[in-house]
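My questions will all concern the structure given below.
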Amino acid sequence: MGSISLNNINKSFGSTEVLKNINLDIADGEFLILIGPSGCGKSTLMNLIAGLEDLNSGEIIIDGLNVSDESPKDRDIAMVFQSYALYPTMNVARNICFGLEMNKVPKSEQESILKRVSELLQIDHLLDRKPGQLSGGQRQRVAMGRALARSPKVFLFDEPLSNLDAKLRVEMRTEIKKLHKRIGTTMVYVTHDQIEAMTLADRIAVLKDGELQQIGTPYEIYNDPVSHFVADFMGSPGMNFIECIVKDENLIIESGGKKYEILIPCKDALNKSNLDVVLLGIRPEMLTEVQPSTVGNKFIQKVKFDVEVIEPMGADTVAIGQWNETEVMVRLSPESGNSAGNGFDLQVDTSKAILFDPSSGLRLR
Amino acid sequence: MTSLKLTKYNIGRAFIYLILLFFAFLYLAPLYVMFTTSLKDIEEIRSGNLMALPIDPTFYAWKKAWSSACTGSECNGLAPYFWNSVRIVVPAVIISTIVGAFNGYVLAKWKFKGSEFLFGALLFGCFIPFQVILLPMAKLLGMLGLANTVTGLVLVHVIYGVAFTTLFFRNYYVGIPTELVRAAKLDGAGFFAIFRHVFIPLSAPIFVVTIIWQFTQIWNDFLFGVVYSGSGTQPITVALNNLVNTSVGGKEYNVDMAAAIIAALPTLAVYVIAGKYFVRGLTAGAVKG
Amino acid sequence: MLNFLEKNLPKIVLAPTTIVMVVCMYGFIVWTGLLSLTKSRMMPQWDFVGLDQYRRLFANPRWDVAVDNLFVFLILFIIIALVLGLFLAIFLDQKIRAEGAIRTIYLYPMAISFIVTGTAWKWILNPGLGIEKLMNDWGFVGFEFRWLVEQDMAIYTIVIAAVWQSSGFVMALFLAGLRGVDENLTKAAKIDGASTVQLYWHVVLPLMRPVFFSAIVILTHIAIKSFDLVQALTGGGPGYASDLPANFMYTFTFNRAQIGLGASSAMIMLFGVLAILIPYLYSELREKNHD
């Protein structure tokens, strides 16, 4: 039904190339997240899928049909915008039905669709209001209702939650996920929020400077990033990156005034690269206080760690110190009792550590 | 200490109010003089002074200004010219506003290669001294057989008014989020449907601003009126000028003033009724080019 | 075909305006420019005589007077209207009661045509019965005010009437500008110990730069085009003492059948406007591209 293929997509505005040779297949019913920093081209890609911008080259195939030259209205697509883009002079009911009206759907059918959609989104009590009289969350629902009314092949979401406050954002996130479960339509969702990406996506596509960096499940993107950029983008607090000298297949780390040779899992990749210095990537949750239960894992090592700053976050506490004169964040339990200026024994678990080429930022495999 | 400060403050406030009221008086005085003069008879004008109230108010001057004062060789008062102005203003305002709305819509939301350049070129039209187009336009009107006609004047006002109306609408529509256009496109609406269903309902204020602006501009125009009209088709400003400068018999200042007020009345009325929009038009045309 | 139409609708909608603009603005300017190079008198004719008309123009004492008048008028009109407008705006910005009413009074002359303004002031400044008589009646015996009929002073009556008409508008511009000043900024300045005068001089006025800029452009524009006011107030007189270039152009083109000369004066007016306009538009457009 709503599969999408993007083949060799190129797009530039004037002399700036915004998208460079993008290839992407989205399965019917999939929830795909496009993520990247601002200016990476993710919104442009979405506009291209919608037909709101013209391609420079390449083709867009939706449901087996080449729609590259079709106008937006002939693509059977609905979109939820960042600003919601509700028609300010129309009431909620007409906002939802406008697309049906334009497509000459009979009045009676419009009514029944309106009823179904507004009940689904619990906005049936708002139908007579104007968008100006709605709260942010309600507008968000109406915008989704407008998209839903047309029962399109594909839903596009362009940073739909970024105008909501933090609490509402989490709520709406869950609702969007539920909605996808219920209707099962293909959804393409643009965001720069990595938590949204992790929680919602079937697959995540990471974009940078108009190029597709990696595409994969949230698990793959988080644990098996292809580059320094992708690894750095996902996760909060973010992954630690430390330049280390290689010695006998081990990495040298200076922590708490002492030098340690750290054992790492990806020795083949290290040997293959022939590098003397590599970038070690390790997530804060792999750096903890010593835990009694994890004996037997050979990648668990102990180092001295001097705490410079403590940032309690409620569920856990982040402590910041230095390794090889680079800032390192570690994740402690709130009860650890460490404070700034303290030194303690840090448990380092390198079983999920990964290595990058410091100059190219690419993963060593 | 406090009381001293308070008095100092009060003196300052009083000074400000005094200045403001003094200038309010200065701005109002000419209107007052016009009005009182128009109600006096010529004897009283000669014996009294500008600020004196009329002793025995009479509407003689108003009647004469409206229906029998001489404007050059004709002596039918301002009435026929008043209606000329109406016949020029109404179609010119309507047409230039509609054209401007469409132009503004395109220039703001349907940009194409070169549209910005076009806008710049058009914007320039708001500023050229019209002296530079007077002659060729006269020639064109002659060729079209519209010389000295009301239709000709309508055409001229539309042509040179569209630059302003376009500017107004374009700047207003630029402020409407482009995402609305995109949403409507996805909803299946085309160029005209989006204009009709999304933009027109949002445009009431800018229509009012533009209509008022055009109305005042065209009603108050003298240059085009004096160049492109013939006897019988002159707008009121031209007739007023002729009336004042016709010296058949003695000077009747009261008739001049009544005539001036009659010529000013429509635009003043608009200003009083919709001053907010009038000011917005002035500043919109001015501040943001 | 339908698709083509749909894709090009915006261009089609803009086409009539574009054509009319090219013909009736730029085409006509070229036409007038060419005409100014001919020896046309009563009717346009196409014997090119180079810059002869411009030489005649600059040798014409009447044109000299008109240009001098324009500078006097321009400078006085702009300075007085700016200062007055600015002060009224600052005073009005002091949380004044009845601000709306006062503002309305200051601005109403802008709704009136220059012809009406001219007619009114012609009467007020009437040498025998106007302000002179009023002052005499009020006890200032021997007070004389005959600018309207004095060769050297007539141009100043134009300034008076134009200031009366336009200063309220400048006030409105400044008031809008003042209202746009961030309140935190004025609060910060007050906490830093600035007096009201210092606050306006050091903090607020520098922020009004763009307003000054556009006010000057608009006032210049009004001044260069103001033809009606002269026509109604002094008729260019006494003699031609209060002519402005616009009146010169009109007189020579339409009353004296010197079309070529009139065209050359119109072109000079255009160049004058361009000299001010091009830097203005340039900076405006540049600002926009930064958005």
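So that you can tell them apart, the chains are marked A, B and C in the order they are listed, and the count of residues begins at 1 in each.
Methods note: a contact is a pair of C-beta atoms (placed from the backbone, for glycine too) under 8 Å apart; a residue touches a chain by one contact, two chains touch by 3 or more.
Bear in mind that the values here come from a model prediction, so they are computed numbers and not experimental data.
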item	value
Chain pair with the higher count of C-beta pairs in contact (A-B, B-C)	B-C
Taking each chain's C-alpha mean as its centre, the one farthest from subunit C	A
Length of the line joining the C-alpha centres of subunit A and subunit B, rounded to whole Å	57
Subunit B and subunit C, separation of their C-alpha mean positions in angstrom	15
Touching two or more other chains - residue numbers and ranges from subunit A	71
Sequence positions of subunit C contacting 2 or more other chains	6
Touching two or more other chains - residues of subunit B	190
Complex contacts: residues of subunit A adjacent to subunit B	47, 50-52, 71-73, 77-79, 81-83, 85-90, 98-99, 102-103, 146, 150
Touch list for subunit B against partner subunit A, complex	177, 179-180, 182-190, 193, 197-198, 201-202
Contacting residues of subunit B [partner subunit C, same complex]	13, 16-17, 19-21, 23-24, 26-31, 33-34, 37, 45-46, 49-51, 99, 102-103, 105-107, 110, 112, 115, 118, 120-125, 127-137, 139-140, 159-160, 162-163, 166, 190-192, 216, 219-223, 226-227, 237, 240-241, 244-245, 253, 256-257, 259-261, 263-264, 267-268, 270-272, 275, 278-279, 282-283, 286-287, 289
Sites on subunit C touched by subunit B in the complex	6, 9-11, 13-14, 16-18, 20-21, 24-29, 31-32, 35, 44, 84, 87-88, 91-92, 94, 96, 102, 104-117, 119-124, 126, 129-131, 133-134, 137-138, 164, 168-169, 172-173, 176, 210-211, 214-215, 218, 221, 224-225, 227-228, 231-232, 235, 245-246, 249-250, 253-254, 259, 262-263, 265-267, 269-270, 272-273, 277, 280-281, 284-285
